[in-house]
Structure formats: structure tokens, C-alpha cells
């Protein structure tokens, strides 16, 4: 069993192998084979993760940390970087979660991507993503984590812009990468600061050093906030969340896997991973928690005004990530990870369900390319045509809304409780989260109603058919998890808390949970009242839009944040760059060179005129020289 | 000193003069027709002269036999080096001339006579140890050159060049004579080593007279080497004179002028260096700047080369200011490198002149390297050497010269020299650009001529390896 | 005192004739003024105890050379040049630079007069033609020979320049 | 008493007149005559110095200058005649096609 | 020392060039293969050097020494150490690739190939020479073939670009020549004949220089190197030269010639003028950071593919200079590695631009787009090389850039400004993503214009050229250790000399 750890690198290697096999396979490989190879690689990775997880479980709690050094990456004094893996409950859980969700989505993709000309490319990227994500998770030092961090960003970029022929998609991919890079700018500085403070990137050594001698508060705060800058990018927090809604341009399985379940949670993982560092900086923790909570509310608000099925989910993801970040920031590691896990399941479920709907609409008889298959206003009445999708989707929505006893309920409650126990600024955060919970319940109900209830609002919706088994089976799986996963850490069970070795368990009180449940119920009921079939006047696509008018328009326009960013950052950047390239460079820098050349040329033209061609004038010049020399001699020798 | 030893300094001059006189006789009795025999004769004479100089350099290490003819001439290391450079220039001039003369209908035997006579005057300058000899040598080299400049008569440009050269040359000679007179009045001697010996002991009045005289001598010699502000004749004369004559003037006359400057200022006025360094430095600076700057805009190859020769006069003047141990070898080697590069470049120009009428504009060179890669490569080498790009001889020359001047305390001037070198790269590159990168509507192809090719190849090889060889062989210890 | 008077008179004539050479319009007159000037200077030479040089001056210079000049002027009919005189600024500038040069030289002479033995007791053979002849064949044999070659060069040069183009051989 | 300085001053004046004449006249022949004037001035300086120094070299120098000047005149006049034959002018200002 | 390996490396291209001159002009195939064969042989020799190189020894290895001009103390000293080793190998690698990319040259092949080999000898000489005069000779000599390559086989404005390149670089170099002269005269005052021997000069000559003299000389040498690097604001020759040069010319310019500048700083300025290097590290770093940001901004706004890559070079070389200015092992070693990285990735980008241009005859982004559809291999390779250029972990660019930032962040030589400068430089990484991704988008993404419908993907020759680059890009990214291991001893020795006795890792 122990030798398993030495082979834990296989967790990363399997998807990488899948990537390479598909890369090197000839173009003639059958589409199906490609998907199977990729899925098998993911599954193998999942199997290995499970084995490693089990092996870790078999160890006594105090020995549940194994480090596997693979090779020495660089040694330049004073830097030494070993590429190594750190297997502990946190990373093992994450790895298990990621490989599990990943495998299911790989399988789902076989069906979803069938017929696409670039399937091979798709599965290569997906495998590569999995490998990168696992590298991020399993790394035993910040540098390797950062490498994984960037690589998942790359895969995200590649997959968002997967259908590259549509300029919008390509732009969305670029936006995602650049916004992430902005966050990583802070992350990088944080890493530099960490290195020059601790002399290493290795978690273990850093945590030891922290335990030995506490860090100066200002330094710790700076460090934590710089790392958090990276988190705001990757986990789509205020102010860098803007890329995630656009990222929905990618194929839906990608949205499910990368932009909901796994990659975007990397930020949360980073906070958990570096918990000792954040714990040393209470001020930073406050900032993080408040930013997370504010993001949760802000995104939930915007989600209310969206018509794109995936975009609603995207804002929902941002919102949920906000609550995780708030929890992680407040030091509630168990709660954060718990919610991360449950969210992975139900959000993957929702995305896959949405994908099923989109797929159905896009492939419906006689509806090719006529409508935007993502537009909820063109749906309606799908519950009857796609029952399996409907029911699983409903489960996911309920879990997300926090309906007890589904998974989301438990994890959300745990976060609220943890924040409540922390007190002070955390209380404000928990208030924000409760408000977000209300909105969440509202917009999820709205979405379900718009998609599934009533009558079809387009021919495509009228002709949509249930998806194939390769797609629905993963839905069922995820639905199951969404129902049951909450019990892993439900009151009394608290397996996750013990597994993570949490110092103390959060106690669950029905009294405190009840108001939240009521608020959630209120949200659902309000949405039901507004959106139930026949509630609004005939022909109105969205009753809420009719009532709120301007406010709804603002929500739909994402509260104008993107426009503001464009005005504040993008335009000035382009302006400066253009000014540099078309003004400063040619007229300033190169202009100076040319000016010099011109000046010399002018001087030359002037000096040329000395040579008039007249002998007498040449003699004059000789005489002038002689006169000057005579004057010199007079001055020098007298 | 035996009588025989007294003649040693004059040997090269004697060979050239005697040869020239023999050629006059031969020309007088020659049957009309091609001048092949004259070329062989002139070449033979130049080579004999070269052999004599080489033999003298080999047989007389160190400072040589000293002064002869009552101190009128002197054979020493600089004399040997200068003679060598002069004779190389002469031999190359003979090689590259014939084709041009034939093509332009100027194929007359007297040409070679005057070439050799001018060379004789120049070699006399190299050994001159008395201001009177300096004057005579100057006239001895100038008068044949006046004739040569007008050799393409009745071509208007050639006539104009000859007259301008003549009038201004005579004007400058007058300065020289008056300067010598003042020096004589001030010091009581025209003999250079005697002058050097007396300089320190002169009373105030004598110093002033010698100073004034030296200033006027500097005017005349500055005129000969084409230093600013006495340079204005150069472009006109270079442009108008027949191309081989221009080549000879550019290379050999420059060397002779430098010989005069070396002998008068380094030897005769050496002890008063701190006095004449200032004005010579100013002249060097002005010459480097003006020569290089004005050359930038020249559309005519010959004229451009004229300004190039002015610019190089500036660098050579810089060498005069150098520290004692470095200056002389630096200047000598610079002259050698310059001679090869300039003669080579003009050889290519002669080849370009062809029989269809000469067009010295740079456009005429467009695309030549495509049709004659050898010529193109050679021209590239010469231009690089004139710029001073390693590993050509020009680079080592500039290196040594700059080092000498820097050591002499003229770092600022050296930096100016460096900057102007960069400027010069522009106009030399124009030739390269035209030949290698240009395209012409009417493409000219250089003529094929064995003599010409020989001169180009020799100059090219020398330009390429000479620098390295010279430095390797301890060329600095001349 | 007599020496002074002679000097001053001759100097005045020399300067006047020089100015005449430079200033008169007609080239023939100019040449004649120059002959006068040369003769004046020859007189100076006599005054300065240099009879041989004076003779040469008169014979070669004032005689042969200037006759040649006059001959050419007459032959070409080049007494006057045609065309408007261009470059008006040339004259003041020439005067200025020339003035500076000569002024500088004069200033130098007058500032620091030479302390030389007074004239009057020159070594006996100084201007003696015999002495000069001797020197020309001994100490100055080299320049002497060189001048002979120069004359030869000039001769051949004149032949080359004067020959009609195209007459060949 | 007439000193060397006086003679030199006189010769300098003559030289200067010649030099200025060279610059202000346009007739090539007169230009050349101005040069002769300058050479002549130099000769005067030589002889005077010779006299006052008690050295014969000055006179010898004048001799050489004279002979060389004669040679120069021969060539120069031949040149001018030759040019006159093609251009029909002795005006130096007409010979300014080469410039720049 | 039995086999003069390094001299063979220098002599081989020269011999090859001569051999090409002997081949008749119309036998193009023979000419091409002679050139390629020669450069491959040089690569073989370079690999032999790599095999025989002892990474533990800090000093020069494979040294050959011959005083060829005793009168002035000029000597032929060649050798490799950890500082030059990888650059020599890079040179030996890039030339065969560049020659391979030159197969499409059809005009005046003979001259072209001969010039390429001359250029190879020159570049190798620059990296091998350990004598100031010898170095300068090679340094200036490289100008000539490069100028001709640009001027004869370049684009529409080739003459302008070639002349600008020549004059601009020469304007810088001339000051180095002044510096060399000054140093030589100093050594002459000590030894009588003088010396150009770098090591002797550094050991015995430099300590005698006053701090002020050191600063002047540092600037004199530095100007030559700064133009070549090019450091802001001396870069404006670069975009023109790159854009107009033929593909192989751009590749060599970017991959090798720019390295000569940075190498010169390290090899000469640091060892000869240590005090000045310490004093002037900050201004150098400031200019480097300006270059990073400026180059990135300018790159973003270009409409010409090649011009974008050219400006990205300015930005990348800014990183190299920042690393060098850090004056600590991290910064310097990372800068050295980054030189190699930049050679691979920017060289690769230029190759890719060239391959594209040969198909489309345009480099204007506005005319391109959607090419991934017809050229999937090309698109993939362009992406990998682009990602390498923007410093993506796992590829080589990251190793260099990140370690440079790491080095400069803690650089004692830069004082309290170190962190701010590093932060600004790190922002350059963000900008790199902006322009590289924009480039990828404008070339590969979006709808495919109909005129590019039938564009062929990369062929076998082109893949063979790109393959070694891609392999190295990946290898260095994943396992840079051997590269650092080989340079560690030498860099540490150089820095120890720089900081006097107190060897500091910061």
C-alpha cells in the first residue's frame, strides 16, 4: 500500500499520456477512439487517486502527509526547486474530486462533442487540463502549483476559444487568459515575496518557519493579499470575475468541468493550501472574506437578469465561489472545501443538464442554426420532452438553492455557521451570503421555470428530444452525488472535518439554519409566483423584466461593469499602446535618430556650399586658414 | 660617411628619375601605336624602385646611414616606410592606368613618364631633410601632376581641374616659400635637424619668426594633404582629372604630403610640438568633420572619394599628434592601408569607366556586384577598409592611429574621430549598396582587363591580410 | 642714413608697383608693373649685397619669365576678362583675411625685433658669384640637380600640354 | 638703421598684396602674376635674412626658387594657353563647372 | 589539449564559405548542401564541446592561446566557460535551422550561403574570443554579412534597414573601440607592449582604474552592447532590420546577434569594471524595465506580424538585462538561460512568420485570420512558440523570466528600488500575454478569409526545422537543471570577482 505513494505521479501522468497519445495519433483515428482514450486516461487517473486516497486513509491521522520528490528542477543559489508532490487529506480529496468529475465529464463529452471536426483537439485539451489541474493540486511547493495554475489557465483559454472561427469565442478566451494574468501578476509578486522571506517555495518548510517564528503582520498581510490577487483572477472574484461569464463561449462540458467544478476552485484551494500563511494575516483574511461575500451577492444579483442559460449558471458559479472564498478567507477550511465539493457536483450537474438542453435544441429537427440554443426565452416546456434532464436539473437547482437536505444545503449552512462563529466582520459577510442565498433560490427557480415549464417558445424547443445515454448517465451520477454528497460532512457525521484534521468542528444548529431555509423558500416562492405558467400577461417573455424595466436592463448588462472596465482599462491601454507605436516610436525615439540624420544632412548640404567651384574663393579659404594660424602663432609665442 | 652612403637616401628617387628619363627617350623614338612597352617599362621601374626600398629596409635596420648631401636628405625608418608606400602606390597606379587611357583615347607614353617623375618627387620628399628639398620635392611632384590632371585635354573637366590645381598649387607654394624664408630668417637654417637643435635656444624674436614661418609652411602642406580649410581644390581636381590620376593623387600625393608633414613637423619642429599640436589638432578635427560630412551627399563616386581623402587627411593629422613611439608607425601603416584601399577602389572605378564613356555617378554602379561579383567583393573590402571595419587593414590602421593620438593626450579628438568614422560608414556604404543592392535600368558591366584585375586583386588581398600580417610582424616598431 | 633713404624709396616703389600689378585692369599693364617690381627687388638684392641673385632676378625673372607672360597675354588677347565681376564679398573678405595675416606677421616683427648683427660687416664672399657657384656644386649640389630635372619636367610638360590633341605619337 | 625686421615687413607687405591680388582678380594670368609677386616677396625675405645672418644659404634658396618659378611659369602658361584654345577665356570665374 | 576544437569551429564555416566560392554559381543544390553540411559539422563540434565540458570548473575550458602580435600584445585566445557554452551551442544550432529555412532563397544563392557561413564564424568568434581585440574584430565583422543579408535579400525597404542597422550598431561599437584603446594604453603603461587579454586585463588592469574611469569605460563598452541588445531607447534600428531582413536573417539577428550585446555586458563590463557595474546596475535595470513595458506596448499595437515579434524582442531582452543588472547568481544565470530561451522562441517565431509569409506574401494582421483551420500544425506550433514567448510554465520562457524576476526582486545591487522595478517588470508578463494572445487571435482565429482557403500546412522541411526548437522549448521548460548546472560555477566566479571578497547570493 505504501509504495502507492511513490507512484502517485501517475495521477498526473495518465491524463498527460492520454494527451500525448491523441497528439501523436494520426488524423485517421476514429472520433470515438479519441474520446475513449481520453476518458480512459481520466478514469485511470481517478483510479490511481482513489488508491492513493485509500492508502492515505489507511494511515494514522497524524501521518497523513506524504511528500514525493520527483526531480530537481533548478538549483541556482539561493534557489532550489524540487518538483514534488504533497499528498495529504486536502490534496488527496481535491484530486479525487477533480478526477471523478473529470472522468464523468470526459464520458459525457463523447456524446456532446460527437460530430465536431475538432474532437481530437478537444479531448487533448481536456486531458491536458486534467493533468495541469492535478499538478496544481498535488504540488508540494508554490512554484509547481503556480505552473499548474498557469497551465489550467492555458487549457481554459484553449477550450473557451475552442470554436475559434467565431471571433467572439476567440476574444472570450483571450479575455479569460489576460484577466487571469492580471491576477497572476499579484500572485507572482506574492511568490517573489514568499521566496525572499522564507528562502524556499516548499510548503512544508514555509509552514514550519511560520510555526517557529510568526511573520511580521504587514509583511504577512501583503503576502496574503498578493496571493489573493491571483485568487480573484482564477476564482472569479471581484474585481476580476468578468472573464467567467464570457468563458461560457466554450463547449458546455468545458464550462462544467473547468469553469464550474474544478479550475475556478483553484483559488479556493490555494487559500486552503496556504492556510497558515493566511492565518498569519488577519487583516488580509477580513478583506478576503468580505470580497468573497460581496462577490457572492453581486454575482447573484446579476444572475437574476440573464437570459443565457449558461450565463446564469456562470454568475451562479461566481456567486458560489464567493461564498467559498469567504469561508476559506475566514479560515473555515472544512466548510470551504465542503462547499467546493458539493458545488462541484451540483454545478457540474447543472451545466451538463444545460448542455443536454442546448444540445437538444441545437440538434432539434428543422431548427438548425435558426436560434441561439442558449437563450432561455426560446425554451419552455422542455420538462415533458426531456424528463430525465428535467428531473436531474431540478435536483441540481434545488441543491444549489440550498434546499434541505440536498448537498448544497449542508455545505452552505456550514459556511454560514462558521462565519457566524467567527464574528465581527465575518458576521457582515454571512449577512451578505444570506442575501445571496435568497437571490440564488430566486434565479434558479426562474431558470427552471423558463426552461422547463409552460409551452415551448420556439420550434426547436417544440422538437427537442432527450439526449443519449452517454450524456444522461453522467447526469444521473451527478444527481446522485448532489443529493448524497452533503452527508459526508452532515452534522454528526463530520467525516470531512475529521479527515482534514480540523481543530474544531462547527456545530450545526437548526435554530440558526431555519431563517436561511425560510429565506431560501421565500426566494423560490417569489420566483414561482412570477414565473409559473400563466402568471404573467400573454407574450411577455420575462415578467420580471416587465416589472423592473430599467433595473432589469442594468442587471442584464451585468451592471455595466464590463463596459466600465472597457472604458477604464482597455481603451486607455489601447490608446497608450497605439500612441507608443504610432507616435512615440516613429516620432520620438526613431524620430530622434532621424532628426540626427537630418541635422547631419543639413550640415552636409551647408558645408557643400563652401565648395563653390571658384578658384579665388578657394584661395580665400586658404588665406583664412593662414590668417587664423598667424593669429594663433601670435597668441602662443608672443 | 662615405660618398656612396650619401647617395643611399636618393636611390629610389634616382631609380625613378632615371627610369623616367629613359622612358622619355623611348617615347621619343617609339613607333606610334599601343603603349604596352611603356607600361612594362614603367611597371619595371616602379618594381625596381620597390626592390631597392625593400632591400634598403632589409639591409639597413635601425636608423640607417643618416644624412647625406650636407644634411639635405636622410635615410631613416620613416623614409623607408614612406618610400615603400609611395612606390606601392606608383606601381598600382601604373597597373590601373592603361585600361583607362586606352578606353578614353589617352593612350600616350608621356603619361607614364610623368607618373614616374611625380613619384620621384614624392620619394624625394620622403627623404627630405632640408626645407629647400621639401620645396623642390613638392614642386617636383606637383608639376607632373598639373600636367597629368590636364592629361585628358581637351576634356573641359580635365582642363578645369588642371588649372585649378595649378593656380592653387602655385598659391600654396608661395606660402611655403615665404614660410621657409621666415624660418630661415628666424633660425638661420633650413636644415631640419639643425632647426630642431636650435629651436630651444631661440630668442623671442626668432621664435616668433620660426612660428610664423611654420604656420605658413603648414598652410602649404595642409593644402597638399587636403586639410580643412585648405581642402577645397581636392574635390574639383579629383573629379576633373582622369580617374587613374585621381587615384594616384588620392593615394600617393597624400602620402607625400604626410611625408612632408612628418619630416618638417615631427623632425624639424619636433621640439616645439606643444606649440603646433594645438592648430594641427584643430585642423584634424575640422578635416575629419568636414570631409566626412560633406562626403555624405556626394552623388559622384570620384568626388565622394575626394572628400573621403580629405577625411582621411584628418585622421592622418590625428596621427601626427600621437605619442612618439606610436605616432609614426601608426601614420605609416594608415597610409599603407589607405593606399591599397583607395587604389583598389579607383581600380574598380576605372573598370567601371569602360569604353562607353565614363559615368562616375553612384547610380552607374547599381547592381554591378550581380554581374561582377569579384569586383563587388573587392569594392566591398575597400570600402570596409576605408571605414575601418575589421579585419581589414583599415581597421588596424585606425586602431593604431587612434591609440597613438589617445596616448598623446588627444582622447577628445579620438572620440570625434570615432564619431566621424560612423558618419563615413554611410557614404562608403552607399557604394556597397549601389553595387550589391541596387538595380539599374541600363546595366554597366566593368571591363575585363588583366592589368586592372591584377591591381584589384593585389589591393584586395593586401586589404584583407595586410593588416593582420603587418601587426603580426611587429609593424609597430618601424 | 643713405641706406634708409634708399630703403624707403625702393620700398615705396616696390609697394607701388606691387599695388599696380594687382590693381590695374589691363593684364599687360599688370605685367609691366610686375617687371618694375621685380627690378625694384633686384635693386634691393644689390643693396643687400647679393649681386648674383640680383642678376639672376633681372635676367631670368624680369627678363625671360615676364617676356613669356607678356607674350602669352598678347597672344591670347587676354588683356581684359569679360563678364561681370561676381562674388562682390570676395574683395572685402580677401582684404580682411589678408590684412589679418599680414597684420599678424608685421605685428610679430615689430613686437620682437631681431637682435642681429648690424648690416655692414658681412663676410666678404657673401654675394660673390664665385662663392655661390661653389656652393651650388658642393653643399647644394642636390637641389641644383633637382632643379635641373624640374626644368626638364617643365619642358616635357609644356610639350605635352601644348601639343595639339589628336596629333598622336 | 634699416634692420632685418624692416625688410621682412616689406616682404610681408608685398606678399600680402600678392595674396590679396590672387583673390580679387579674375584673369588667370594676373592671378598667376600675383603668385609671382608672392614668390618675389619671399625671395626678398630670403636675401635680407641671408644678409643679416651672414649666411649664403638664403641667396642660394632664392636662386632655386627663381628657377623653379620659371619652370612653373612655363607649365602654367602652357596650361592656360591650352585652356584658352578650348574655352576662349582666361577668366577663372568661368572655370567653375566642378563644384559642390 | 590535443584537438583545437574551438579553432576548428571557427575555421570550418570560413572554409565552407571558401568552398562555396569554388562551386559554380548554377549548382545551387551543391551550394546549399555544402552550407548546411558545414553548419551541421559545426553543430557536431559544438556537441563535442558540450560533452567534454566540465561543469564543475569555473574558468575557461578548451582554451587555445597564441600571441599573434607580440608587438602590441594582441593574442588569439578562445575558450568556453559556463557563460558562453550555451550561447555557442545555440549558435551552432540556429545556423543549420536558419540555413534550412533559407532553402527557398533562389536568388544569388552562392553569395547568400557564403555570407551565412561567414556570419556563423563571426558570431561564434564573438562568443569564443577572450581577447579584447579579437572580440572586437569578430564583433564588428558580424555587421558586414548581416548588413548584406538584409540589404540584398530583404524586403522592400531593405536598403534603408540595412544601412540603419550598420550605422546604428557601428555608432555604438565605436565607443567600445575607444574603451579598448584606453584599456590597451593602460596595459601598455604597465607591461610595455600592452595586452588585450581579457583575463589579464581584468585581474591586473581594472583594479588600477579609478571609479570614475571605470564608469566612463563602462558606458563606452555599454553603449556598444546596449545598441546591440537593444536597450531602450537604442532599439529603433531593430524593428526595421527585423522586418526587412530575410527570414534567416531575422532569426539570426534575434536569436544570436542580440545575445552578443547582453553577453558583452556580462563578459566585459562586469569583469572589467566591477565597481562601475555595481554603481550603474540601477540605471541599467531602469532602462531594462522601460524596455520591457515599452516593447510590449509597442508590440501590441503593430499591424505587421514581424514587427510585433521584433518589438517583443525588445521587451524580452529587457528581461535579460534586468536579470544581469541584478548582479546576483539567480538573476544572471536566469538571464543567461533567458538568452537561450529568447533565441529559441523568438527565433522560432521569426521562422514561423517567414513560413507564413512564403505562403501568403503578407504579414498584415488585417489580411490574416482563421488560419488554424487550414494549417492546424502551423497553428499548434505557433501557439507553443507563442506561449513560450509569453512565459508559460512548462515551457522555457517561464524559467528564464520567473527566475529573472526572482533574482531582481532580491537584488542587493538595485537597492530599495529592486522590488518596484521587479513589480513593473512582472507587469510586462501580463502585457506579453496581451500581445501574444492578440497575435494568435489575429492570425489563427476568426473566420478564414476565402483567399487562404487552399493554404498548405507545414511541410516536412519546415517541420524538421521547427522540431528541434520545440523539443528544446519543452525540455528547458521542464528540466532546466542541466543548463544551470553548467553555468553555475562560472557565473559564481564572475560575480565573486564583481562583488570583491564578499560573495553574496542576493
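Just a few scattered comments:
When the chains are written out, they are named A, B, C, D and E in that same order, and each has its own residue count from 1.
Here is the rule we go by: a contact is a pair of C-beta atoms (placed from the backbone, for glycine too) under 8 Å apart; a residue touches a chain by one contact, two chains touch by 3 or more.
All of these numbers come straight from a predicted model, not from anything done at the bench.
Common neighbours of chain A and chain E, by the contact definition above: B. Two chains share more touching C-beta pairs than any other pair, namely C-D.
With respect to chain A, maximal separation of chain centres occurs for C (centres as means of Cα atoms). The most centrally placed chain, judged by C-alpha centroids, is E. Averaged C-alpha coordinates give centres for chain C and chain E that are 69 Å from one another.
Averaging Cα coordinates per chain places chain B and chain D 26 Å apart. Here the CA centre of chain A is 101 Å from the CA centre of chain C. Mean C-alpha position of chain B lies 42 Å from that of chain E. Taken residue by residue, chain A touches two or more other chains at 608, 611, 613-617, 619-620, 623-624, 626, 630, 633-634, 638, whereas all remaining positions touch fewer.
Chain B has residues 132, 136, 139, 143, 146-147, 150, 153-154, 163-164, 167, 171, 175, 182, 185, 204, 208-209, 211-212, 235-236 in contact with two or more other chains. Which chains touch which is summed up as A-B, A-C, A-D, A-E, B-C, B-D, B-E, C-D.
Within the complex formed with chain D, the residues of chain B that make contact are 132, 135-136, 139, 143, 146-147, 150, 153-154, 156-157, 159-164, 166-167, 170-171, 173-175, 177-178, 180-182, 184-185, 188-190, 209, 235-237, 239-240, 298, 303. Taken in their complex, chain C has these residues touching chain B: 104-105, 108-109, 111-115, 138-143, 146-147, 149-150, 152-154, 156-157, 160-161, 165, 168-169.
Chain contact summary for the complex, chain D toward chain B: residues 4, 8, 11, 15, 18-19, 22, 28, 31-32, 35, 38-39, 41-43, 45-46, 48-50, 52-53, 55, 57-58, 60-61, 64-65, 68, 71-72, 75-76, 79-80, 82-83, 85-87, 92, 95-100.
Every residue of chain A that touches chain D in the complex is listed here, in rising order: 608, 611-616, 619-620, 623. Contact residues of chain D toward chain C in the complex are 1-10, 12-21, 23-27, 29-30, 32-34, 36-37, 40, 43-44, 47-48, 50-54, 56, 59-60, 62-64, 66-75, 77-82, 84, 89-91, 93-94.
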